[in-house]
Structures are given as C-alpha cells and as structure tokens.
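Both complexes below contain chain A, partnered by chain B and then by chain C.
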Partner chain A sequence: MEHYTYKIRDIAKRLFKEKKIDIFIGYEKGTNPFFPRPVLISRIEDVDRLVWNSNCGLNLCNYLTGRKEKIGIVANGCTSRSIVNHILENQITRDQLYIVGIPCTGILDHRRIQAAVNDKEVFEIKESTDSFKVVGKDFEEEFIKEDYLQENCVTCTHPNPVIYDEMVADPVPSRAERPVYEDVEEIESMPIEKRRFHIQKLIKDCIRCYACRNVCPLCYCPTCFVDERIPYFGKSIDPTDTLTFHVLRAFHCAGRCTDCGACERVCPVAIPIRIFIKKLNKEAFEIFSWEAGLSLEQKPLLTAYRKDDYDEFL
Partner chain B sequence: MSEWNPNIVAFLCNWCSYGAADLAGVSRLQYPPYFKIIRVPCSSRVDARFVLAAFRNGADAVWISGCHPGDCHYIEGNYYARRRFILLKRLLEFIGIEPERLFLSWISSAEGTKFAEVANMIAAKVKELGPSNFFIKKRAEVS
Partner chain C sequence: MYKVVEKKEWTDSLYHIKEYKIYVPVKESYYHLFRLLTKDVSPDFSFSNTRLSPKSIIFPQSERMFEFSLSEDDPDAFVLKEAKKQYPLQAVVGIRPCDAHAFLIVKKNFDNPDSKDPWWTRRYENTTFIGLGCNSPASTCFCTEVGGDPFNEMGLDALMYDLGDRFLIKVLTDKGKTFLDKVKACSEAKQEDIEKAEELKCSSRSQISAKIPLKELLSKRILEVFEAPIWNEISFPCINCGICTYVCPTCWCFDIQDEVYKQKGDRIRNWDSCMFPIFTLHASGHNPRAEKFRRVRQRFMHKLKYYPEKYGDGVQCSGCGRCIRVCPTNMDIREIANKMASI
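Here is the complex of A and B:
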C-alpha cells in the first residue's frame, strides 16, 4: 500500500503546483492505527501528511457537502459512488472535483483484528500486498488480509471508482458478481415473532450517539428528523424509539446508500446497522434494478418514476 | 364484553380519495366508523415519518390512498408515492410489522362504491389480525 501513498502525495503536489485545486481531502495518520484521520490540506507543505492504507474506511465524501472551492479528493469505489450521489443531489459540482481514484483491495475490520490479538493495544499495522502485521507492546502477529476484511468489502461489487480523473494504480477485479444479501435473506426467512425479537436484539445496545448518522455521507440534512419537534420521535433508548431511529434513517438512505460500511465501522457498540439499509438496497435492486451511485446520467431512485413501476398493492 | 374495533389511520388525497369518501358518505354507503381520516394534498405528501408516528401512537393499520396513476392533480405525485411506499412497506415487514397493516390504494373521486368496498375489506383484514402490539411507544399515564 506504500506506493499508493507516494502516488497520492505526488498527484496532490502536482495539483497544488498547477493550481488546479484549493484543498485536497485525504487521510493522515491518526492516533489510533485503525482509524486514519480524514484531513483537509490547503498548503503544499502539508502534502506529505497524506497516507493510504487498508484502514481508510471512513467516507471522505462527507466533507464535500456544500463546498465552493476546487477540491482534490481521494476516492475508492464506495466513496466515488457517494460522490456521484452528491453531484446528483446538487451538493457539489463535477467541475469542482479532481478525483484521485483508488482501486480498493478492501478495508480491514478493526473489531475482528482487535479480538484476534486479545484486545491488546495496537501501535502499528504494517501492510504488504496480501498480509499485514499487527505490532504492539511485546508482540507482533501476522494475518492474511483476505480473512480480516470488513463484511461489506467481502461482497463488494465495485472496488474501483466509477468516476475519476486519475487512478493511482491499475483496476482490481471485483470480489462479487452481483450484490449479495445472505444475511438479509436469513432474517427474512424467520417467522414474524422471531424476526421482531431478532431485530430488537440487534439494536438493544444502541446508545443513540448518532455516530452512524454523523459519519454517513448521505446524512447531510441541516436538521435531522430526530432533532425535530414535529413529528417527535423520542430521543431515549426505549426499544421503540431506537428502532424508529434506525428504520427511518435507513429509509432516508433508500436508493442512495453505497454500502461503504462507515456507519458500522464507527459504531461504539458494534450494531450491524447496515442490515436495514441492505434490506432496502436489496428491494431496490429486485424491484427497480437499482444500484446507487453508478452513473451521473440516471436520476436518483426516489426522484424518478416509470409508468410501469411495481403496482400491486391491494 | 363489547367487540374490539381497530384504530385505522387513513391518509386520503384531497383531490381523489377524500372526494370518494365524501361521495360514499352522501350516497349513504356503509363502511366502518373507526377510520381516522387525515386529508393530505397528495399521496406523495405522506412522509414515512407520518406512518411511523401513527404506528407508534397505537394505530392498528395505516391506509394511504390517492388518485389513480396518471390522474394525479400534480401530474406525477402518486408515481413517487408508489415507489416510496413499496420500499417502506418491505422495510416495515422486515422489522416485524405485518404487511396487512399497511395499505395503498388508488381511488378516484367518482368511485364512492370502491371506497366503501376497500374500507370494508381493510377493516375486515385488520380485525382478523387483531390489535397491534409492536412498535408502540409506551407512555407514562398522565391524568
């Protein structure tokens, strides 16, 4: 992954020199090796702070909303699809952006790695092509990358950016032919009572910190529905309130979610939040053959219609 | 003991289904009295939040009704509502709300008889299902 980093720095330097961009959005080394920090760079001297590795799982598109400058941005498959969404929803224009495309080989699941090293403190993660070394105080362990990918990366259909101005390396093959929804189907097949119980159990730990909402590139409403007075959806951790929050947030992402997995990554209590949005993605794919953020020409799912849409209601 | 009657919230579009309810009334057609009708400008005005708010406050079913596709007063409102509704219905089914608690129908203002028929059909279905006991926000009793 080192060569990605150097290539990104070279490109950023060149863009600043040619005055093509005002700021560059990328990742820098964070205090925790599992969470590289998103960084907005505005001076050429700072370019060497940029990095890329397999822990860069936050969606940088989140920082584009409503910006007026010319922006260079690092984007792998899911981020680029979120950018397409942003352009379609008029949050940014294509001319403002210089997209540095990353052929993504998957993001690592920090929870499973932490568990694999018995929750010992990790100082550094050293990556090579197919494996990575976890380094901490008095220990060093090597793992195969393929075994520790995030769940959404295992079934990723678009690891390569769908729009870009320049790629840092050659495209990588996608890991799945078409969207895979095994976990959704498993819940669907349960009888209704069991399904209720199962869903309640999934979200029972939720502390309503809204980290999932804040990290989501789709959640850019000035006032979120949970902060509104009318209609008022409780802010407590009552099971119905929590379920309302998750259901409605998922519904607001219907036909827009690119399954980047950032929400699940940042959740402090490891709720599989993606399951709700995945259900909607599945329905959107089955009923409307829709996958979000693939083309700049297509109108978003819920702002368009066809006269022969699904129409069997009564 | 008196018979249990469901609580059904109906979002009717001003231009078609609300007119149909009116027509059903003046034609003296029989339909159950426990529909709480809320008049909305268009079926696409019905936000997912309204539906969830209804369920949270103890509605046993929610019924959305608008103009026939192609006849929308705002040209295309019900087409959008249709796409949104099917996704919402599938999602609510997924979390454990029975699909028989959420209805969408197209009734024009001339179809008073159809309105009464659909209302009777929905009432019968919901009655068979029984009271909703999920997704209700329990509140402290305040006298």
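Here is the complex of A and C:
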C-alpha cells in the first residue's frame, strides 16, 4: 500500500504544479489506525500528508456534494461508481474532477481485527502485500489480509475504478463475477413472523445517530425524510420508528448504492446496515440487470424506461 | 472504610440483591454496554469502557414527559399531565470514575438553583454508583488532563480497586454503605490490600499520555478562539452525525416532540445533537448554523469554552475518550483542544 501512497502524492503534486486542481480530497494519518482521517489539501506543501491503506473505508464521494472547485480525489472501485452516480444526479460535474484511480485490494474489517486481538488497544496497522501486523502497547500480531476483509469486499465485483483520469497501479482481479446475495436470500427464506423478529433484532441497538446516512454519498437531501415535520417520522428510539428509518432509507438508495460498506463500517453499535439496501440492490439486479454507477452513459435505474423493461407488475 | 471481596463472590452476590435494579457492564458482539442485571446477563468487569456512556440510566434517550387527551368529551382535554413513572432504587456497578465525574458535570445543567429537571433529579437521587478504578487507561483516555483521575472518587458512593482475583472496595457515602451491606461476601480489607491499591493508583496515573494545555485553553478569550481561522480545516472531515454527542457522558441536549395518535398524545423528549444540521433550525426557516464549520466549532466551543465560562468549574468533558474511539472520521478532541489553546 505504501507504493499507492507515494504515487498519490506524486500525482497530487503534479496536479497542483500544473494548476489542474484547486483542492485534493484524500485521507491522512490520524490518531485512529482503523479510521484514517479525510483531508482537504489546498496547498502543494501539504501533499505529503496524503496516505492510502486498507483502512480507507469511507466513501470520499460524500465530500464532493455541492463543491464548486476543481477537485483531485482518490477513488477505488465502489467510490468511483458513487462518483458516476453523483455526476448522473447532478451533484458534481465530470470536468470538475481529476480522479486518481485506486485498484482496491479490499478494506479491512476493524471489528474482526479488534476481536482477533482480544480487544487490546491497537496503536498501528503495518501492511505488507498479503498480510498486516497489528501493533499495540506490548504486543504485535500478524494476520493474512484475505482473512480479515470487510464483508462487502469479500465478494467485490468492481475493485477497479470505472471512471478515472489516472491510475496509481495496474488493475486487480475482481473477487466475484456477479453480486452475491446469500445473506439476503437467507432472510427472504424465513417465514414472515420470523423475518420480522430477525430484522427487529438486527436494529434493536440503533441510537439514531445517523452516521450511516451521513457517511453515505447518496444521502444528500437538504432535509432528510426522517427530519421532516410534515409528514412526521418518529424520531425516538421506538422500534417501529427505527425500523421505518432503516427500511425507508434503503428504498431511497435502491438502484443507487454501490455497496461501498461505509455505512456498516461506521455504525457505533455494529448494525449490519447493508442488508436492507442489498435486498433492494438484489431486486434491481435480478429484475433489471442493474448495477449502479458503472457508466456515465447509463441513466439511473429509477429515471429510465426502456421498451423492453420488465413490467409484469403493471 | 475498606472492604474486600473475591471477584466471583462479588458477581454471584449481585444476582441476589433484590432491592435495586442493578446495571453492569456486559459484553455484546463487539463492545460493552451497561445492561440491567438479570439471571441471563453476565457482567464483565474486565472491560476497558462501554461503547455508550451510562448516562441513559439517568437520562434515557427517549422519555415520555407528559401525556394529553385531544378528545372534546374529556374535561381534561388539552391539559398536559405528567406521565406517571416509577423511580426504583438502582445501582450502576462498575462505572468508571470519568463517567461518575461526568454525571456531576451534567448535574450542573439539570439540577441548579434556576431549574431542576424533575425526571433527571429523581432518577439520580435513587441511583447508587459503585465505581471501578482503571488499572490500565487506554491511550485515548485523558481524565487527568480535565480534572479527573483513574481512581477519582467524585460522584461515586464506593470505589472498587481491581487487585486481580479480588476487589478492594472503598466505601465513600452512606448510599454506598447501604448497598454494600447487602453483599455478605465482603469482609474487612487487609493493610496489604490497601497498599496494593495505592500502587495501582500511581502506576495508572502515569500511563496517561495525552496532553491538554487546560490552563492556556481556559485563559484564551472566547471571541479569539471563535474567530480563529482554524475551524474550516478542523471541520472538514466531520460528517455531522450524532455519534460523538450520543456516546458522550457529558452531552445533555434534547429535543421535545409531541406524538399524537387519534385522540391521545405524548410529549416526549429525545436526545438531540448540535452536530445535526437542523439543531438550530428556526421556525422561520433561518438557520444560524447552516454551515458545517459553525456546528463543529459550536461543539468544541461549548465543551471547552462556554461551559467553563458559565460555571467556572473546568471543562464539560471528563476525558473518557469515547468520542475519539468511535468517530468515523477521526475528529480528535485532544488535537482540537491543543489547536484552540495555541491560536
């Protein structure tokens, strides 16, 4: 990953020198090894703050909404697809962006790593090609990356950016040819009452912090439905109101979500947020052969009509 | 007065105390939370700290305050009536000193000469706090920098010291004594136990590495910090969720909503967060903190400048470090406090 970091810095320096960008959005090293800090670089002197590693699991497209500058940005597969979606939804323009493409080898699952070291405090993650070392106060343990990838990365269909101006390395192979929906199918096969009970259990600890919503590039509504007064959506932690938030948000992301996993990564109470949106992504895929954000030529699923569209429900 | 008790006997005894609702730290999937002790629940006192603070035990996230009827036939229609509640005796066992100190900070808001929150005060009065001192503070802990200590006794009715296979318990108040008298397994502590506890205090304090220049921070003029050109850069990563405010033991803001169904309604309060964009949205539509940097600035100014200016008793932070550990974009209050102190 270090070679990615150096390449990103080289490219950013060149872009500033050639005045191709006003700002560069990437990650920098902070004080939490599992959550590198998003950073906005506006001067060439600060470019060496930029890093890339396998803990860069947010979706930087989230920081593009409403910006007017010429922006350099790092983007792996899922993030680049979110950028395509953002452009198609008029939240940013293509010519504002210089996309530094990252062929992604997968993001690490911070919860499973923490559990693997018995919750001892982690100070640093040192990466090598296929493995990583977890360093704490008085311990150092090594693990294989493949064993600790985030769930969405294990079956990633698009690790390489679908849109970019320059890549930092050669493309990497996908892990799956088509999206995998075993987890959705497991719930679909449950009888209704068991399904309801199962889903209520998944979200029982939700504290309505809205981190999942706020970290998602899709959620850019000036006023979120859940913050509206008319119609009023319950804002307490009542289980039905909480379920309404998660399910309705999933519907708003239908056909737009690129399964970047940021929502699940940031949830403070470890709710498997993705399962709701995956259900809708599965329908989009099975009924309309749709995967979001693959090309600027593809009109968004819910805005386009083709004569050969599936319409058995009409 | 010092008592000592074997760890296993302590835990076993807790199950038999019927007079209190007891809250203990419990291991969930990937983190600890304070849960009500029932026969199906196993306490885990070898935890670092809970993901969410225990503030919800005194200040629930959602709480019915009043109820009302909208039925024209009802003589009491449109009259707010206080929702009837129980305030059972409760105990929080294993609370860390930073969190107990935090309750005293929050108390300044909910229990002062100008106003007393009836629900918070009644719950707080009925709660006994049995603290557990910290032998190994995390690197994100900084209680000593904000007027606290890993074995601080503020806000506690008793303080436990983890001596390995047993707890030494220092009884601090009558409430503490009343609770501990119910644990028959406790016996008088030996001098060597008390000495071991003193050693733990020293070694623990020295493990805290974070530095916050509190004196400089408190001496800065409020407007100077407010107008310093540091906030745009500081606020960039923030996604304005409510994680920091909700896990924080010293945050106390809430919003009030009326929820109506047919002819009946409830006036409820829910935790609110200054991080949310609509936190300061006026009925007119104007929002004085529409831009992100204003909201981020607000949080740190409130915690580190407005609160000390108003109450003259330190900052509105107990150094528990939760916000640092859970922030998805690594906003770090230690770094920000240092930046504020060195403008």
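By definition in this document, the second predicted complex is superposed on the first by the 308 of 314 C-alpha atoms of A that agree within 3 Å, B and C clash if a C-alpha of one lies under 4 Å from a C-alpha of the other, contacts with A are read in each partner's own complex, and residues count from 1 in each chain.
Here, contacts are C-beta pairs under 8 Å (C-beta built on N, C-alpha and C of every residue); 3 or more make two chains touch, one makes a residue touch a chain.
Worth saying up front: this structure is predicted, and the values here are computed from it rather than measured.
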item	value
First (chain B), second (chain C), both or neither touched by A:H3	neither
Which superposed partner A:R94 touches (first chain B, second chain C, both, neither)	neither
Which superposed partner A:D238 touches (first chain B, second chain C, both, neither)	both
Contacts of A:K20 with chain B and chain C, given as first, second, both or neither	neither
First, second, both or neither for A:G30, with chain B first and chain C second	second
First, second, both or neither for A:K299, with chain B first and chain C second	neither
First, second, both or neither for A:L40, with chain B first and chain C second	second
Contacts of A:K307 with chain B and chain C, given as first, second, both or neither	first
Chain A positions touched by chain B in one structure and by chain C in the second	234, 238
Residue ranges of chain A in contact with chain C within the complex	30-32, 35-40, 58, 62-63, 111, 114-115, 119, 121, 123, 137, 205, 207-211, 213-215, 223, 227, 232, 234-238, 262, 265-266, 268-270
Residue ranges of chain B in contact with chain A within the complex	48-50, 52-53, 56, 69-70, 76, 79-80, 82-88, 90-92, 94-96, 98, 103-106, 118, 121, 134-138
Chain A contact footprint on chain C (complex, rising order)	28-31, 33, 48, 51-52, 61-62, 138-140, 233, 236-237, 239-243, 246-247, 255, 257, 259, 268, 270, 273, 276-278, 324-330, 332, 334-335
Chain A residues within the chain B interface of the complex	184, 187-188, 192-193, 195-196, 199, 225, 231, 233-234, 238, 240-241, 243-244, 247-248, 250-251, 254-255, 276, 279-280, 283-284, 287-288, 301-303, 305-307, 309-311, 313-314
